[in-house]
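Note that the chains take the letters A, B and C in the order they are written out, and that residue 1 is the start of every chain.
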Amino acid sequence: MRAALRDAFLSAAIALGLFAPLVGLVLDNGDQGLVLRGRPIAAAVLVAMVFFGRLGMHLWADRPGKEARAVKRGLVVPTGANRFLAPALLAFAVLLPLTGSRYYVDLGTLVLTYVMLGWGLNIVVGLAGLLDLGYVAFYAVGAYSYALLAETFGLGFWTCLPLAGILAAFWGVLLGFPVLRLRGDYLAIVTLAFGEIIRVVLINWVAVTHGPNGITDIPRPTLFGLRFSMDGGEGTVAGFFDIEPETIQRVVFLYYLILALALLTNWVTIRLRRMPLGRAWEALREDEIACRSLGIDVTNTKLTAFAIGAMFGGFAGAFFATRQAFISPESFTFIESATVLAIVVLGGLGSQLGVALAALVMVGGLEMLRDLLSTLGEQMGSELFSGLAGDLPTYRMLIFGLALVVMMVLRPRGLVSGRTPTAVL
Amino acid sequence: MFVTRLAPVRPDVFARPVRTEGVEALAYALQQLINGVTLGMIYGLIAVGYTMVYGIIGMINFAHGDIFMVGAFLSLISLLGLASLGITAVPLALALTLLFAAGLAALYGWTVERVAYRPLRGSFRLAPLISAIGMSIVLQNFVQVGQGARVKPMNALLPGGIELMNEGDFAVQLSWMQIAIVATTLIVLTAFTWLVTRTPLGRSMRACEQDLKMAGLLGIDTDRTISLTFVIGAALAAVAGLLFLLYYGVIDFFIGFLAGVKAFTAAVLGGIGSLPGAVLGGLLIGLIEVFWSAYFSVEYKDVAAFAVLILVLIFRPSGILGRAEVEKV
Amino acid sequence: MLAVSNLTMRFGGLTAVDKLSFEARAGEVTAVIGPNGAGKTTVFNCVTGFYRPSSGGIALTHPGGARFALEKMPGHRIASRAKVARTFQNIRLFAGMTVLENLLVAQHNRLMAATGFGVVALLGLGSYRAAERAGVEKARHWLERIGLIDRANDVASALPYGAQRRLEIARAMCIDPVMLCLDEPAAGLNPRESEALNQLLLSIRADGCSLLLIEHDMGVVMRISDHIVVLDHGRKISDGTPEQVRADPAVIAAYLGEGDDDE
């Protein structure tokens, strides 16, 4: 107890050093330049949190019967959960549009986009063990490929979708080829740099990309050649089926489109995992040198993982472009890469179900929380709630960052870490 | 949601002369040389932190760029605080700020290592990298939440300078600020070199760099040495943060990202693990960036730095002064 | 079979292996021994393509007559084309994968070819199923031979040390090598495990695969080697049958003269 108290005091002293200047003092942008404003309470609260948190940790760790429980902690979430949870989630996803709520379908589309990105990145990070910090670059390549092909050549979504994937994969190969020979850490920083290069080029190459203004009026997808149009005439979905044209029809169609794309990603991943290529990816993650000694072409195998991951990123990008009908470089910042990475890591590297759950909680959950807060703020006229709603995106990244660290420290193999063998005897 | 603010470029620095021939062109190039060296010193200071950590535990400390950013914020807070306390003598204020920022940034560096990296020693390969990325995101957003997203401008502390040359309508300026930056960097690096080569602490650091396990067996407290490496690296980054603030006169929570990647490029270019290499690489990256901006395009100056990184990794991954890594099988 | 000629390997200023020449004949067990720091592992890494020698040649001739210049081949080709397999001093299994998966990964190239570069098998077409079944059968064969058949679905890292060693050897054998290189296979084994290892290695030799091994355990070396090459300070000091080497004064001098830093 005494040691615990001493440690808590020490931690609090360090926290005081960390938080007193950067939280206790604020640089306010005033009319006359910067003004330094004190904010002692916020800093004190943080220091107190560290003190009691640390104390609590010690008491928790010293509680009786710890030994017995320590053994249990090593157990993983039973893989049996897969058997019920996955079909239940799938059924939920398929049935969601029946609610008829535009809000839920839109939110579902957003979540599914991240699920697809997460599954795509999972191939690279989770299976092959390559840390790609610029995944958003391939997302951007896909989105801009579609937008530019549609704008320049008048190509439709369904022609461009495979092209967007191929172009993204091509960039993946181009970038991966020189870098994949090197140590893993270099790949991380080069992909980070590449994500940034793509964004800078998109902003500055105005002649092609229209710069920061982005590309507008990107065509919407068609259903077997039928347009989703409000006029309800010949060649539109509403006209063909002889129903009232409504926006929700297109929204639901887009929802099922991203659901199908995400499921395709999932299907390909699951299939590949049970094939030599997927096994080689996992083997690479475990031990690269051993792979080389078994005659596996390490660089090419990494390259396939990188390219296939990039391809799915490209697909998702094309979908993003057609859904928004507008894209600009602002949608493709490092924040996006970090979000997708956080989803993959929290889901448990390599676990498909985990990625879906993480996307649901971290994108869907936080989005709903924000909407809830802003509705509350409006209805009750409460500054506090609307203020919180406005700050949530910033706090969201803070939470993501903390989640990455905490996950790595406590459960590096993820929440759903039971690995299913790819072959049994 | 997030509009990235690249560090603003002071317009006068890159104002091209009307005619770029003869003496004027030479003067212009000389000015760029001066600017490039100044910027390169800042990158070099950050790069030392990358290279030290990499040398000892073989990881890229992604959060290092953000420690630099924290250092810049601490410096700005300190300068304003000192001004409000009535300490306005520039040399005194700068010296106190240097100590304040370096000390507290060192505390940040220590905490980051203790919280996010030490528990992961011996964990699987990707764990420390992911944790470092997480820490970088945390620091960035922590400062954004705490200090606001708007850019923080500051009046020039040391206006004016020496006019070295005046050719037609182009004058070569060596500002006091640039002299201060180069002088500070040289003093700090000298002290640092002394620390690494002449003190017991430096000896244990070098021993850990050679062989961490063996150093541990020989009775060196490796945990402590690693901690101190982070502390020293962070303090140097904070000095760089102060100099960056003085040079550009404006900072925001995002400056650590670009500066970090560039400084890392500098460390790789110089040969990661090599301390003189880090400084040399920093100078080169500073020069490349400034000359690229001056003669090609300011918009693509960051692309130039990244392109250098990729080219170095393809053609000479061991850098200029680095040793080629021999794989232990 | 394997002819090493004038092999030299320098690291910076240090010459680890100096103009080494020796031969390993087909169907034999060739051992490379020597005191610590003699350059054994370096030779080994050159043969298996992990280092590129500074100069000299390493020629491998298959029983079918095909010839390979190993010093010029990239590491993974040495395993896939020249069919030289290896194990590691500090066992390198795919720790998170099952025992069976470890053996299937080793058959990667053959299985990969059967998948028609992934696309055909992805759609469930082609001969992949049959190839996969054959792969599992081969794995079963090896699991029976190393006595791990009932642990096939366990994670590799859960195996005891001796079993991990045997698994690593079985995994290397799954690439169908003509030559198996073993880096201190008996290190850390108890006498019983060591004896089982000897039997396994002799049965592999009986199947027609040549063996090249580095070993510290003289018991193993003397009992199973047909031919021994002794290195000291990167040079060959003796070369012959176990009896010849044992009697060679140069070998005795090298071992005794170096004091007890062997072992």
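We take it that contacts are C-beta pairs under 8 Å (C-beta built on N, C-alpha and C of every residue); 3 or more make two chains touch, one makes a residue touch a chain.
The shown structure was predicted, so the numbers you read here are calculated from the model rather than taken from an experiment.
**Student:** Given the contact rule stated at the top, which pair of chains has the most C-beta pairs in contact?
**Tutor:** After counting contacts between each pair of chains, the winner is A-B.
**Student:** Identify the chain whose mean C-alpha position lies nearest to the mean of all protein C-alpha atoms shown.
**Tutor:** If we average C-alpha coordinates per chain, A lands closest to the whole-structure average.
**Student:** Rounded to the nearest whole Å, what is the centre-to-centre distance of subunit B and subunit C, using the mean of the C-alpha atoms as each centre?
**Tutor:** 47
**Student:** Approximately how many whole Å separate the CA-defined centres of subunit A and subunit B?
**Tutor:** About 30 Å, centre to centre.
**Student:** Suppose each chain is reduced to the average of its Cα coordinates; what separation in Å results between subunit A and subunit C?
**Tutor:** Measuring from centre to centre gives 43 Å for this pair.
**Student:** Counting only residues that touch at least two other chains, what does the list for subunit B look like?
**Tutor:** 327, 329
**Student:** I need the residues of subunit C touching at least two other chains; which ones are they?
**Tutor:** 50, 88
**Student:** If a residue has to touch 2 or more other chains to count, which residues of subunit A qualify?
**Tutor:** 289
**Student:** Can you tell me which positions in subunit C touch subunit A when the two form their complex?
**Tutor:** It comes out as residues 48-50, 75-81, 85-86, 88, 92-98, 100-101, 104-109, 111-112, 115, 118, 121-122, 128, 132, 136, 139-140, 143, 149, 152-153, 171-172, 174-175.
**Student:** Can you check the complex and tell me which residues of subunit A touch subunit C?
**Tutor:** 268, 271-272, 275-277, 279-280, 282-283, 285-287, 289-298, 304, 419, 421-425
**Student:** State the interface residues of subunit A toward subunit B in the complex, per the touch definition above.
**Tutor:** These residues of subunit A touch subunit B: 14, 17-18, 21-23, 25-29, 33-36, 125, 129, 131, 133, 178-179, 182-186, 188-190, 192-194, 196-197, 199-201, 203-204, 289, 330, 333-335, 338, 341-342, 345, 349, 391, 393-395, 397-398, 400-405, 407-409, 412-413.
**Student:** Along subunit B, where are the residues that touch subunit A in the complex?
**Tutor:** Checking each residue of subunit B against subunit A gives 1-4, 59-60, 62, 70, 73-74, 76-78, 80-81, 84, 104, 107-108, 111, 115-116, 119-120, 123-131, 133-150, 152-155, 257-258, 261, 264-265, 268, 297, 299-300, 302-303, 306-307, 309-310, 313-314, 317, 325, 327, 329.
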